[in-house]
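Each of the two complexes below includes subunit A, the first together with subunit B, the second together with subunit C.
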Partner chain A sequence: MNVTFFLISLGCYLNAVFFHLLHLINRRGWAERVGNISVSLGFIFHTIAFGTRFFQAGHIPITNLHESLSFFAWIIILIYLVLDYKMKIPSLGAFILPLAFIFVLYASIVPKGIQPLIPALQSFWLGIHTVTSFAGYATFAFAFCAGIMYLIQESQLKSKKFGPLYYRLPSLEILDDLSHRIISFGFPLLTIGIITGSLWANSAWGAYWSWDPKETWALITWFIYAAVVHTRFTVGWRGKKAAYLAIIGFCFVLFTFLGVNLLLKGLHSYS
Partner chain B sequence: MIKRIIHFFSSLKLTIFTLILLAFTSIIGTVIQQRQNPLLYIQRFGEPLYQIFKFLGFFDVYHSWWFMGLLLILALNLLFCSIRRFPRDWKILVTQKIKLSETELQAFTSKEKITIENSTVDQTLKNVLNAMKKGGFPCKEKVKDEKGWYLFSEKGKYGRLAFYITHLSIILIFLGAIIGAAKGFKGFVNITEGEKIDSIITTSQDGKSISKKLGFEVECKKFEITYYTDEEGNPTYRPKDYKSLLSIYEQGKEEYTKEIEVNHPLVYKGIYFYQSSYGDIPTLAITVQTSEGDLVDHFKVGEKESFHFLDKNDQKIAVQVLRYLPDFIMDQNRQYATRSNIPNNPAALLQIRRSNNQTERTWVFQRIPNFPHSKSTDYKFTLTSINAKKKYTGLQVAWDPGVPVVWAGCIILILGIIIIFSVPHHRLWVTITNGGKYQTINIIGSTNKNKPSFQTIFLKFITAFKSSLADTKK
Partner chain C sequence: MEIIVFGLSHKTAPIEIREKLSFTKKQASYVHKELAKTKAVKEIMLLSTCNRVEFFAVVEAVQNGMTTLKEFLTGYHHISPEILENVSYCHTQKDAVRHIFRVASSLDSMVVGEPQILGQLKDAYALANQDEAVNTLLPHLIERSFHVAKKIRNETGIGKNPVSISFAAVELAKKIFGSLEEKTVLLVGAGEMSELAAKHLLSNGVKNIYVSNRTYSRAEEMAKIFGGQVMSFSTLKENLQLMDIIITSTAAPHFVFHKEDIQRTLHKRKNSPLFFIDIAVPRNVDPAVNKCDDVYVYDIDDLEMLVNANILERQKEARYAEDLIDRYVEQFWTKMHSLHAMPTIVELTKKCEDIRRQELNKAFSKLSHLSEEDRNVINSMTTAMLKKVLHNPVYFLKKEIDSTNISHYIPIIKKLFNLDGQPEASTKNKREDKNSC
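And then the complex of A and B:
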């Protein structure tokens, strides 16, 4: 049942992506509105899917690849809806929604069955660790999009070629500010995610830090975003360099989330 | 010279440089498996590359001299930054300047000028104080001189301290890690159900196994495992839970008993015993026949154990089980191995020793009873059944006196980082310059954090401030 709801939300998101991209080209307000209604609908179905799966499994459903991808996309959409309601960043949806859609699509093609929990995962930390980590990752997805939008806008300003995107994208200041604000949420979340993970590791694996590939990559990501946070206060590192770092940072996030499990051996063999 | 050193170590460029360098060098240790047997590395990389990698510490990156060096630079950087910054912040916290000079006023980007006509200083002061309150920045301090009034308001003053808390907490975590590495130990031990141990196996820095005495005994009284069932209710091999009942003995006297499972360790004298794995202690049933097919005897034997029987000439023949593999396969390197702990394809390597000390070896398989055994053997060995009721529990054992320090550091880090990003220090100066019948009001705002978002707050304040002043005029 949860899978059905999940697939309906997938359809809604696809629709939303289409209309948000259309809005970039034709600059009609209705396209964006249709897109946002689709996102909201998709989010409602997605939430129901999450809830029913939680109920069916009897534990928070963030324990394998399908569940992790789905939750990651869910939290991205949640943040998007909050941001859209509070700040209304023009064209943000056209950048973040395709990204979220890719994760939902990926989640739809991997095995979707509910598996019983292995002993190491039966812990109070499961929910706290996964939710904070994914919330952190999701904010970085926004910083990534803000970075890309910043670079597009910057190159248009520099070359003085004002394409259709120029009028759709927010100003450099807004993008830079958005990136900073969102990272000031994400960085503490990532920190909490890593620390709760090490608390958990201490009770499950017998050491709070074992340089397991997943741990190490999370720390690498932390180093990168620590650098991003500090560039703010250094002259000459703002704006463009911060945008590049936010983009690189998100590549590290993706590798920490997916690459480590696919390519490297380690203790985090689930998810 | 000293000034230059301090300057170097407290620079923000060094922070960013070190962080990025740490990030990229950390990758090495996730690509090359760490702390493996040197032979494996030589096989994989070849001798010359192995020597270069070994010299660079690539086989133990996170404990290499240069990685430690980078962490040390980071720690020094944190420390020097905090020291260099402290006097300025202390001044702001303790003695806030209320009267700003003309040049100081010019330095701020958030400013506003308002002129009030047909009013007295006292009236304007009253209105301004009220307007400040309405705008969300009530006046905290005020000073008067011959020119007029100087008012000051601020928010999130102690948020400034979060900088020090956060940065020093990381040094605290480092300290905890150093204490753990210098004084603590980590090891493992397997205890057969019903048996006691008094030492564990730890790994030295060069990868050798060393036995370490605990100073007390640990008994595994009982080991229990439950499996998940499939849809039809049949048990699967997916473990749901495994538990060991452990007892601690001091000089033969039972001191403490606890049932442990994954995520719930036993702690005794600061030493943690974690449930980490388990395995079978199998008993093999082996039947011996002569090559003509006459039964010699049945034997029950464990791994590494032996049994013996007499041949036609009453000479002793001893048989030892050298190896037992529950799920026999030939791996990629053409080595005999076991795929799992589940007895899917049980196999045993037997060593047969005759009275003249002549030995031979043969593999026997439960699933393939007629597997062609060694030709010179005039006896046929069959593995008839495996009894795996007896189990051992695998425990991780760790003593780390640095853990409380690390946790303290972590908690402070979380608090500090949240405060840093959510409590900016906003300061507002309002000066009223008296021109007799009119007064000039100068408003200056400043923040230690994100300037664009402060600008929004500042403009909101100005709007509220102005509308409050306009209201009082009516």
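And then the complex of A and C:
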């Protein structure tokens, strides 16, 4: 049941990606409207899928790879819808939606069954720790896209070669501001995610910090984003440098989230 | 009834002829009144701008109407018909509709996408209305063209990317800074183009403007024009950190701003972006400055390149706009079927309404004891009756009549309801009926 809804949302997102990319090419208002309707529909189905799964499982469904990927994409879409409603950043959808779609697609090809909750995860920390961590990661996905868009636009303005994207992408200031603001919002979330994880680790494993690969990589990621926030205020690393940092930071996010589970073995390997 | 467009534009006639054939507002008013009197022309509107002189008309018959307009134009401006023949065009039917839509949407303009034409069209329409030269079909068409123009402007980008250097520079500033509010501009040196750019920046909301010039008095003069402050030439580099947009156009034979100055400035302003618009030749800003992060240096050639890119972009959008126009023309054409019968519908409903009023007044004068409420009930009852009686004929007129059968049905309907103002045949009977009840 929840899987059906999940697959419907996958279809909606695919449609949304198609029309947002089409809009990037032909810049027609209707293409963007169709894209946004699809994304909203997809989000509704995705939410229903999440809700029914929550109900069927009896606990928050962020306990295996499928659920994590799905929730990660869900929260990205949620932030996208809020951003689109509040500030309408041109062409953002054409960058963030394909990214979100990849996660949904990935989630659709891994085992989707509901497993009984293993004892180690039976804790009230589960919800807080996973939601804050993934919300933090999701904001970094936006900073990543804003960074790529910034670099494209910046290189056009510098080289004075005005390709089609020059007309479609927003101004540098908007992109830099988006990146800055979204990281300022996401960084505390990641911090809370790590702290709650540490508290949970203490109650579950008996130690606040045990240099498990996930913990280590999360800490590295945290340092990168701390650097992004810090250097902007102290030495004025904005624009291009901030964009590069945001892109690198997101690569670490991806490794912390997915790479660690696939390549390294540790206490966090549930998926 | 046919719609025709007759006239000439920058595409067909050189300026020497256009200026000879143009009309002032006062003259246009005269034209409206004169042509409205003729039998061949039912409705008329004249659009006269520096790029075009066009008559939009609704005529009984195309050939006859066109001859009337041609003769009027040659007669009024004393120009030989041969010359006019060579430079003018005449569009009929769908082509006429398309032409009007294209003109309104600025697809037929000298610079495609420039919006002035819509304003001029609106003025011309207001004048024609005032002169009572338009009444049924033309208002529908012209108002539709305003709507189409608005749609085209919103749905396509034909008006978006500026094609003049100074506007392009402002647009570029927006691509860097987002909003220009709270930004500070520095004008170094004088010159027509730099002043124009400064003016556009001001109208886009920049907060401060500083003016600097080797001649102090000249700087003061310019500062007055822009409501800005003077900055002495010698302190230019120390104060650079306050600026966001710098327009240079001095006659200096060497660079005024070097990479080292800029790097120092950037450090002081925490890499907040700087935008140099260097209009001077030889250039005032070392091109190496462009290599600094967060600094954008555009010289006159770069701006020219941007303008060219913008023109290409507009052309691309214009092609899409043409497709949209085709669609709107088809829509209007279908809708026009119902407009064919519009005058008859108006006459018919008006006549019935007049009768209703008359009879109602007569009845009320006899039934003086009725309260206000009773009167209202009777009033709305008669209205409803009329509406129901007329519903089918009006529906028929709107849906079934088109250019193929209009000459067949309209006379019949006019005859049936006596809409041509013949003496009323049955008045007497009616009166007798009234008396008997």
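Please note the rule applied: the second predicted complex is superposed on the first by the 267 of 271 C-alpha atoms of A that agree within 3 Å, B and C clash if a C-alpha of one lies under 4 Å from a C-alpha of the other, contacts with A are read in each partner's own complex, and residues count from 1 in each chain.
Everything below uses one rule, namely that contacts are C-beta pairs under 8 Å (C-beta built on N, C-alpha and C of every residue); 3 or more make two chains touch, one makes a residue touch a chain.
This is a predicted model, so every value here is computed, not measured.
Q: Superposed on subunit A, are subunit B and subunit C clashing or fitting side by side?
A: After superposition on subunit A, subunit B vs subunit C: fit, no clash.
Q: Is A:119 touching the first partner subunit B, the second partner subunit C, both, or neither of them?
A: first
Q: Touch check for A:177: first (subunit B), second (subunit C), both, or neither?
A: both
Q: For A:59, decide between first (touching subunit B), second (touching subunit C), both and neither.
A: neither
Q: Return first, second, both or neither, reflecting whether A:27 touches subunit B, subunit C, both chains, or no partner chain.
A: Once the two structures are laid over each other on A, A:27 reaches subunit C alone.
Q: I'd like to know which partner A:217 touches here: subunit B for first, subunit C for second, both or neither.
A: first
Q: Comparing subunit B against subunit C, which has contacts with more of the residues in subunit A?
A: B
Q: Once both structures sit on top of one another, what is the angle subunit B-subunit A-subunit C taken between CA centres, to the nearest 10 degrees?
A: Computed from the C-alpha centres, it is 150 degrees.
Q: Would you check which partner chain A:239 touches, where first means subunit B only, second means subunit C only, and both and neither mean what they say?
A: Touch partner of A:239: subunit C, not subunit B.
Q: Quick check on the superposed pair: does A:162 touch subunit B, subunit C, both, or neither? Answer first, second, both or neither.
A: second
Q: Which value, in Å, gives the least CA distance between subunit B and subunit C in the superposed three-chain arrangement?
A: 6
Q: Counting contacts the way the document defines them, which residues of subunit A are shared by the two interfaces, the one with subunit B and the one with subunit C?
A: In the superposed arrangement, which is not itself an observed complex, subunit A uses residues 173, 177, 237 for both subunit B and subunit C.
Q: For a test of understanding, state which residues of subunit B touch subunit A in their complex under the given definition.
A: 12-13, 15-16, 19-20, 22-24, 26-27, 29-31, 33-34, 62, 177, 186, 228, 238-242, 261-265, 272, 274-276, 396-398, 400, 403, 406-407, 410, 413-414, 417-418, 421-422, 450, 452-453
Q: So in the complex, the part of subunit A that touches subunit B is made up of which residues?
A: It is residues 116, 118-120, 122-123, 173, 176-177, 180-181, 184-185, 187-188, 191-192, 195, 198-200, 202-209, 211, 213, 216-217, 219-221, 223-224, 226-227, 230-234, 237, 252, 260, 264-265 of subunit A that touch subunit B.
Q: Note which residues of subunit A are touching subunit C in the complex, please.
A: Counting only subunit A, the residues touching subunit C are 26-29, 153, 157-158, 160, 162, 166-167, 170-174, 177, 235-241.
Q: Any idea which subunit C residues touch subunit A in the complex?
A: Touch list, subunit C to subunit A: 154-155, 157, 160-161, 172, 174-179, 269-273, 290, 293-294, 296, 298, 302, 305-306, 309-310, 313, 320.
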